[in-house]
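Should a chain be cited, it is by its letter among A, B, C, D, E and F, assigned in written order, with residues numbered from 1 in that chain.
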Amino acid sequence: MLHTVNKSPFERNSLDACLGLAKAGSAILLIEDGVVGAIKGTTIESKLTETMQSSKIYVLGPDLAARGLSEDKLVDGIQVVDYGGFVDLAAENTAVQSWL
Amino acid sequence: MLHTVNKSPFERNSLDACLGLAKAGSAILLIEDGVVGAIKGTTIESKLTETMQSSKIYVLGPDLAARGLSEDKLVDGIQVVDYGGFVDLAAENTAVQSWL
Amino acid sequence: MKFGILINEGPYQHQASDSAYLFAKAAIDKGHEVFRVFFYHDGVQNATCLSSPPQDDRNITALWSELAKEHNVDLVVCVAAALRRGILDENEAKRNGKDAHNLADGFRISGLGQLIEAGIQSDRLMVFGD
Amino acid sequence: MKFGILINEGPYQHQASDSAYLFAKAAIDKGHEVFRVFFYHDGVQNATCLSSPPQDDRNITALWSELAKEHNVDLVVCVAAALRRGILDENEAKRNGKDAHNLADGFRISGLGQLIEAGIQSDRLMVFGD
Amino acid sequence: MSEGTIKKFMYVNRKPPYGTVYALESLEVVLIGAAFDQDVSLAFIGDGVYQITKGQSTSDIGMKNFSPTYNALGDYDITKLYVEQESLTERGLSVDDLMDIVYEDEDDDWAEKPSIRVVSRAELADVIAGQDILLNF
Amino acid sequence: MSEGTIKKFMYVNRKPPYGTVYALESLEVVLIGAAFDQDVSLAFIGDGVYQITKGQSTSDIGMKNFSPTYNALGDYDITKLYVEQESLTERGLSVDDLMDIVYEDEDDDWAEKPSIRVVSRAELADVIAGQDILLNF
């Protein structure tokens, strides 16, 4: 299943809710304000690293760039996709859950 | 200063932001979805109890009732006000900060 | 005491406008003055006269219009935010080549300076939003 | 693959509609079909033809109208949410005694059943909101 | 659309009622959707649990109390309301704070049965993983 | 309105840019408000710090990059931009990730000075406590 998270993990609990309910083998895509969680050295980095042992984490590049966060700052293992990649993720997974 | 918090402390960080920046002697009023933080036995109860050693915490009764939370469940020390009481708090304090 | 009120969200989606209205009413009931309500961001949606809520629901726009009429409250809608979101009076409709307008009674469209002025002129500025 | 899209928020205030639009375009560019976009909650505000954003800003409503025209996308606005928020076509304006209507080209007002149907008929339903 | 397709629809509710309109408008979709003969369930996660608390009274906030409508869901054959136990616990709530939402089981001589199923986070994760369409507001 | 009244206005920014319109529309108020000769400051707290990061590029999301406008604030005599140190640290950021927003100090031979003042949470609490009008979007 593809899970999308569109809110900052520092302000809202939607990433936590997602991580608590996404099964191993999920794809998790950070979009919109959710992208701010993807960079190194934050209070949530270890949570992401742990999640990537069983699931994949992606971040939407255009939203990352808009917020001035460069790709070399990403937590190791997080993959950058563009809107085409977002579409592919939606197509490859059998269902999509948006953690609004 | 009167601080108002209108979001659930379980979903957003606005109460935390408020408690981190409100000085001792502040009045903190929980309104709208913020009222859900005011009841006993939650994960944030101790934080409220600690805050009340130096500041006052109020909750808007009409919003509490709307969410099915009765006043006998409130954390000890939190005072219930109606909209008239909200107006009084705004008038008594020299400025108002809404933690949106 | 003189209150100014800022509303950042549209009606129905968020409670902000309901809370602001009940606050304004309570303030007036206590003998205070509500000098101006400024509608910014999606708050401008409070000013549409086309809103047609179900019979058993409140009509927030109508409540504001009534309050303004009864208690002489200045209801100001930010022009930039309103244009972006399709809230127009007759003038703005003409200026933007639109053949309809939808600003409700008692509201007026003006600039952001009215918000700053509300801050300067009132004893307390109350902010309601998301 | 057949995509359905649900949008819960109005334009400008939240990125939801922008994200949905860019997703829809990317899907079409990849040869997928975007069968229907359903506008619910404040999402109905995407359908106002009165929106007049600044010259240097995007006009989200116009982008949706174009996409619908070029790629035969069904843009459906929830009637209950639209009435509450003052988005009316000519019919609904008449029925509700309003003398203006503001539904943009390419959008149509219909019921929530259209959302469920989108869920049934599409291979994936994408949700964009706050 | 193949006529006989039955999909698993889940409505995911994560917001308190009244502070925003999502809870009310979500319920409107659920009721309309009931006519489509799909496999429907609701999940109440995080602050979503406040949507179904007992004793809601909105007379002082000027809004309609729509919570009684949840009691009608059984009549529309919507009988699976999943509530996450951890969400209740974190919020100082128990199932006793929730409404007694029930349905009549036509396969069991119309016996009255609870619609609310309190499940653990792990159990709910399994239920979510099995859905075709997830509607989030 | 007494002509000479000068109030302390603070714009409190707590949301990232682009995900919502608040940052952009907040900046519009700040610019208009500059004409009123009040004592104006801005606070960037929590996710608000992302509003003033360097290197924002919005070409792929179809929105206008409004971050260069912060550089114009000095010309409007808006020279106090408080940034909470703890907010930066929690987010893996430092002041080097922020734009170099400066102003020319007319009282010091138009020397160029930084407008951004990184302060601790405790210091910011003091600044907030001294305000008359707090504008939150």
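Everything that follows uses one rule, which is that a residue touches a chain if its C-beta (ideal position, glycine included) is under 8 Å from a C-beta of that chain, and two chains touch if they have at least 3 such contacts.
Keep in mind that what you see is a predicted model, and the values were worked out from it rather than measured.
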Chain labels contacting subunit E and also subunit F: A, B, C, D
Target subunit F, source subunit B, minimum contact steps: 1
Chain pair whose interface holds the most contacting C-beta pairs: C-D
Proportion of interface numbers common to subunit C and subunit D (over half same, under half different): same
Centre-to-centre distance between subunit F and subunit A (centres being mean Cα positions), rounded to whole Å: 28
Intercentroid distance (Cα basis), subunit C paired with subunit A, Å: 38
Rounded Å distance, subunit A centre to subunit B centre (Cα mean): 33
Chain centre separation (subunit C, subunit D; CA means) in Å: 26
Numbers and ranges of subunit E residues touching at least 2 other chains: 14, 18-21, 46, 61, 63, 133-134, 136-137
Touching two or more other chains - residues of subunit B: 6, 10-11, 13-14, 32-33, 62, 82-83, 95-96, 98, 100
Sequence positions of subunit C contacting 2 or more other chains: 8, 12-13, 15, 22, 41, 57, 80, 125, 127, 129
Contacting chain pairs - touch in the sense defined above: A-B, A-D, A-E, A-F, B-C, B-E, B-F, C-D, C-E, C-F, D-E, D-F
Residue numbers on subunit B that touch subunit C, as the complex places them: 6, 31-33, 62, 82-84, 86-88, 90-91, 95-96, 98, 100
Complex contacts: residues of subunit E adjacent to subunit D: 1, 5, 7, 9, 21-22, 25, 28-29, 32-33, 35-36, 38, 133-137
Subunit C residues within the subunit D interface of the complex: 10-13, 41-42, 45, 48-54, 57, 61, 80, 83-88, 92-93, 96, 98, 100-102
In the complex with subunit E, residue positions of subunit B that touch it: 6-8, 10-11, 32-33, 36, 39-43, 45, 61-63, 65-70, 73, 82-83
Subunit D residues touching subunit A - in the complex, by the definition given at the top: 1, 3, 8, 15-16, 19, 22-23, 25-27, 29-30, 32, 123-130
